[in-house]
Amino acid sequence: MPMINVKITREGATPAQKKQVMAEMTEVLARVLGKNPETTIVIIEEVETENWGIAGEPVSERRKRPS
Amino acid sequence: MPMINVKITREGATPAQKKQVMAEMTEVLARVLGKNPETTIVIIEEVETENWGIAGEPVSERRKRPS
Amino acid sequence: MPMINVKITREGATPAQKKQVMAEMTEVLARVLGKNPETTIVIIEEVETENWGIAGEPVSERRKRPS
Amino acid sequence: MPMINVKITREGATPAQKKQVMAEMTEVLARVLGKNPETTIVIIEEVETENWGIAGEPVSERRKRPS
Amino acid sequence: MPMINVKITREGATPAQKKQVMAEMTEVLARVLGKNPETTIVIIEEVETENWGIAGEPVSERRKRPS
Amino acid sequence: MPMINVKITREGATPAQKKQVMAEMTEVLARVLGKNPETTIVIIEEVETENWGIAGEPVSERRKRPS
């Protein structure tokens, strides 16, 4: 019954990677907190880099700068 | 002023169905809790089935299996 | 499996009222969208009036003003 | 480290406008609450007008009516 | 920079258990998706059982029933 | 009608500070995006430091360490 919401920037996560994240996070709550994995929900939200700001600036701009 | 957020998998809900959900949920909060319907917000988020996990597995894969 | 999140100000909703909101919202998604009521989650968040702003002002202050 | 989530209807906000919102909201938390701007996150979610209800009705329909 | 929000019922999770959930979920995103663990945020929200509904009924009532 | 959700650690923000955050964030959306301030909602969630993780560790523990 727990609910896990994961927000990441949309930068190419594959279905296989997202499936692995779902499986492992569900397992963590089952093992550590005893939550029923059958009813655990994981929602992954992929946010466009122009809509995600860090340090007051969109990620889409930070990615363009030489580091 | 209440805020209702509904997350469902994106599997073909029509505009008419979503409108009905908005109208009825707003009415529930008005009738049961006395909330002002004029300022009640309902946001429906439709999540891709590959981004929604249940029991550690994406819905997109569960849908493919014979039940 | 749908997930409904209801945010309201904390102003005395009773357990019976909250139970009724859960039951009716779950029924709406089942009837209108065909969602399985057994796995529908409703989370009610009651927010302190000093933490809820509308029109740039906390509800805790608006409630004190004569209307 | 604070996390600001802004939900608006998708009605043409430009990248430059969204960048300005990120910069100014980050600055508000730094100046008023002393939060570190370097680790402040702002996520802007643009919601389709048919998925945003107010007063029990989708914004997509309200926009069509003469005011 | 990813943001993980975990909602569970408030039923006695200890600080040590919550710390372990934070550490392991952060590690999952780093290993599977290459996300920087230094800037990964995990927020755990513990919801009162009378405010969490499943199958149209508060968890606080389900817990009282013999199973 | 926009909805701004601000999550911060619970570390002593005063009602006056929270009111100022509400007023200024509402003003930003009105000035930059033309949103109606009368219907803009700001919800501030103050999260216990033991429930907020950064870099896989609760803030409650980081605060105890000499920097």
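By written order: A, B, C, D, E and F. Residues from 1 in each chain.
In this section, a residue touches a chain if its C-beta (ideal position, glycine included) is under 8 Å from a C-beta of that chain, and two chains touch if they have at least 3 such contacts.
Small disclaimer: the values here were computed from a predicted structure and weren't measured.
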Chain pair repeating C-F, as identified from E-F, D-F or D-E when over half of the contact pairs by residue number coincide: E-F
Same or different residue numbers at the chain A/chain B copy interface, by half rule: different
Angle, in degrees to the nearest 5, of the Cα rotation that carries chain E onto chain F: 120
Whole-Å separation of chain centres (CA-atom averages), chain C against chain E: 20
Centroid spacing, where centroids are CA-atom means, of chain B and chain C in whole angstrom: 14
Chain centre separation in whole Å, for chain C relative to chain A (CA means): 26
Shared interface positions of chain C, touching two or more other chains: 1, 3, 7, 39, 41, 43, 52, 54
Graph class of chain-chain contacts, one of line, ring, star, complete, other: other
Contacting chain pairs - touch in the sense defined above: A-B, A-C, A-D, A-E, B-C, B-D, B-F, C-E, C-F, D-E, D-F, E-F
Residue ranges of chain B in contact with chain F within the complex: 1, 3, 39, 41, 43
Of all residues in chain D, those that touch chain B in their complex: 7, 47, 50-58, 60-61
Chain C - residues contacting chain B, complex: 1-9, 13, 17, 20-21, 24-25, 28-29, 32-33, 35, 39, 52, 54, 59
Complex contact set, residues of chain C against chain E: 15, 18-19, 22-23, 26-27, 37-46
